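The two complexes that follow have subunit A in common; it is paired with subunit B in the first and with subunit C in the second.
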Partner chain A sequence: MKGQFLSDEQQDALQEVLNISMGQAADALARLIQTQVQLSIPAVIQSSSDHFIGLLLQPAPHQIAQQSFLGELNGEMIALMTEQGNEAIARLMHYDSPMVEQDKQELQLELTNILAGACLHGLISQLNFKIQLAAPVLLNPASLHASRLNWQQALLMEVQFQIPEFNFYARILICLKQESLWPLTQHLNLLLL
Partner chain B sequence: MNDELALQLIRQLPIGACLLTPDYRIVLWNDFFAERLQLPAEQTVGQDLLEIFPEQARFLKRKLDSTLILKNTSYSYWEQRPHIFQFKSTRPVTGQEELMYQNMEIVPIVNENGQISHLLLAIMDATTTACYSQDLKHALSLLAEEHKAQAQLIDKLEEAHNQLLQAEKMASIGQLAAGVAHEINNPIGFISSNLETLQHYCRTLVDALDFAGDLLLQQASAELTARYQSYQNQHNLNFLLQDMPDLIAESLEGSGRVMSIVKSLREFSHVDSSEWKETNLIDGMESTLRIINNELKYKATVHKDYQQDMPLVYCQSMQINQVFMNLLLNAAQAMEQPGEIYIRITAEAEVARISIRDTGTGIAPAHLKKIFDPFFTTKAVGTGTGLGLSLSYSIVQKHQGKLSVSSPPGQGAEFIITLPLHKAPDVNPDAP
Partner chain C sequence: MPIPITIADDSALSRKTIRRALPPQWDVSICEASNGKEAITAVKHGLAEVLFLDLQMPEMDGYQVLTYLKQHHEKAVVIVISADIQTQAQAMVSALGAFRFLKKPLDPALLAQTLKELGLI
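For the complex of A and B:
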């Protein structure tokens, strides 16, 4: 299937759903750490596997974690975040300071779960999906190669969070393979009726 | 399914299941928890979870609160936090670990109003995975270490190969020098002896001319005197007679120097000769200093302090000279600006002690332990062989002696060689 994954109407509807759910996610994080959180306007991108790998391998000092969701909608979320600001966030979340390596990993997984979980939570509750989340895991980008992925095209929903106070920056990608898009378009169509 | 069956199912689930109210009170405590912690449900239900496990209270509260606020499942992984609860390992016989590795999930239970009524805390046993993963990591790190060691070995081998080539080159240069020295020795011998004869002849000739001049004056023949005078003036005879002995004396000195260099070269090029004999170390040191005079004279002033009546030392003199040369060259190379080298040769009881001290840059404390290692060098690539000191060390050791070094910061370095004066009873001179 070449061409557009979503019709213009479907794209608009998805954008609207994302706007609301991402707002909820930022709100959840802000409540948890009692600090102001800024977010970008969510973007819906049609991506090739090469482009996707390129996103993950950016030279910026990013930590990468992944979290799967399965059920009526199957896909994965990727969280790229800076290490900067981690100490400050850890304090707000009542971690011991200074953090050892394991604490840092735990915090990163926790933040992934919070951000990605919150993003997805809004999306699925509005579109009325039943899904389950798997535990987040750390991802080694060096182990990823476009040629080894078993897909060519995917839909990425991207949103960026920032906590200006701590120079913290995170980028969440909700990724659906082209083959897994059908339930999404069906549910979007229901909204458009 | 009736309630009782459901309850039994939960109790017997092969994972730890604990149901909590939003204020952390335990509602359900299944057998997995009760049996592994030896804490029956009667003692926990109705209690505050955080009070029963005060050590983990901070962590658990953080996780439970995050679940409450975000209404999202919260996770904990064995890799970051292996032992939340003190469960005994599930492999008491075959396992090496004491405690069970655990994954935890805290799942919000939401009622019809969308509010969280309960939290399910589930514990999964990840011991097998954890141990497998750790073994794998350990094996990988071993492999990486081995790989690194191998790479270092390859580097060393390459270095050794280069050094061997260099050593071979040096050896052939040494042989060439010995050959040249031998060839020069004969002509310089007769040049020197001829010059001595010439000096004698010259003296006689000068005397003869003086005698002739005196005779002419006594004869008072004005014409003869005038002609002799004019001849003398024309040929600058006075100056010639005055300068000739100086020229011959200088040439003799020069040929003497050539002879002494040739002698030193010949002595020195016998580095491979393993002849053990009673040796005067001071002579050896002097011969070495002559050889490397060119290397030293612009870099350092050499101060010598030799003990009077220094006893002879039973050693392989050529090899000991080689040690002197290595140490002296190192000292000179350690000078960033012209400095001093102090040489002291003394005898104490049963040993001879040779100290070579310089005012150079000294040796970094980190390097002190390594300087006798083969191929260790701080000189630029291609400049130092990294063999000089290790060779010196092995030569001194073969003599049952000691080569030690000290380098107080900022005060240069001092190398001290101690050699037994007499042949030790267990020394086998032919040993390699």
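For the complex of A and C:
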């Protein structure tokens, strides 16, 4: 499924905007831990809520944080990271080892702020939107169900960050609700003029 | 005689952004490449005395293009324009022979200043 809400030109523009945003996010993390972060090519797809939940279910032990935003664009951001990867980052950031549960949660929220926050900030600043961001919360993967999401179809943007030598892996999903597609396409069109 | 330059980037928006940021008084003939292979073809055909090069591209990425140009002693002036702005990426392209590293989103004033410093305008 491609991002059928968008024309090819709009899709290309959104991917480029995401590329720049994730570059800024990776740079923020790389500076913090003095290690190079690898970037994926961003994906933009149309997603149903069931498909979206499927994306969040992963075999390896992982942690999920969610952050909602509203304003000129409405949607949510999900950050998925593996426990193993986060523990390696924790050592680089001088957390006590082994980590207590509270530290694990704090780090997950911190990494969500850095990576997902920078991605979203890059997106809205390049496209000239104003939004408010709620505080990130942790989600229990087992409690995820499509009926808990208050949307059916959304535009999904996915970027991935990796640090192979530490087995660090983070997926950031930015999910835009359908009512935000019209303003999104209008602002993308301004870039394409 | 206009200077042959090539803009290599997989994003059409990004190529357009770079094209628009070029100083209007700079007399150039512009070729566009959407991946690293096309960029190398452009250099081989004399279409890229100056090459604006993205790093993340399909087929062949910017690092591979720089490596190829270095190994084959091609004389393009390469200016990397990249979304990956990590210091490690900047160090790597400089070691591979890129003349300059510019960050996306591209600042036209910085591009003009860079071209001036390199004696191109």
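One rule holds for everything that comes next: the second predicted complex is superposed on the first by the 182 of 193 C-alpha atoms of A that agree within 3 Å, B and C clash if a C-alpha of one lies under 4 Å from a C-alpha of the other, contacts with A are read in each partner's own complex, and residues count from 1 in each chain.
Rule of thumb we're sticking to: contacts are C-beta pairs under 8 Å (C-beta built on N, C-alpha and C of every residue); 3 or more make two chains touch, one makes a residue touch a chain.
A quick note: this is a predicted structure, and the numbers were derived from the prediction, not measured.
Colleague: If we overlay the two complexes on their shared chain A, which of subunit B and subunit C does A:E110 touch? Say first, second, both or neither.
Modeller: first
Colleague: Could you tell me if A:L133 is touching subunit B, subunit C, both of them or neither one (first, second, both, neither)?
Modeller: Touch status of A:L133: first partner only.
Colleague: Just subunit B (first), just subunit C (second), both, or neither: which does A:G85 touch?
Modeller: After superposition on chain A, A:G85 lies in contact with neither partner.
Colleague: Looking at the overlay, what does A:G75 touch: subunit B (first), subunit C (second), both, or neither?
Modeller: neither
Colleague: Counting only touches as set out at the top, which of subunit B and subunit C does A:A118 meet: first, second, both, neither?
Modeller: A:A118 sits against subunit B, while subunit C stays out of touch.
Colleague: Once the complexes are superposed, what residues of subunit A are shared between the subunit B interface and the subunit C interface?
Modeller: Dual-contact residues (subunit A): 31.
Colleague: Touching residues of subunit A toward subunit C in the complex: what are they?
Modeller: Answer in residue numbers: 9, 12-13, 15-16, 19-20, 22-24, 26-27, 30-31, 36-37, 39, 41, 126, 191-192.
Colleague: Quick one: in the complex, what on subunit B touches subunit A?
Modeller: Subunit B residues touching subunit A: 58, 61-62, 66, 69-77, 79-81, 103, 105.
Colleague: Name, in rising order, each residue of subunit A that touches subunit B in their complex.
Modeller: Counting only subunit A, the residues touching subunit B are 28, 31-32, 93-95, 102-103, 105-106, 109-110, 113-114, 117-118, 121, 133, 135-137.
Colleague: Quick check on the complex: what are the subunit C residues that touch subunit A?
Modeller: Subunit C residues touching subunit A: 11-14, 56, 58, 82-89, 104-105.
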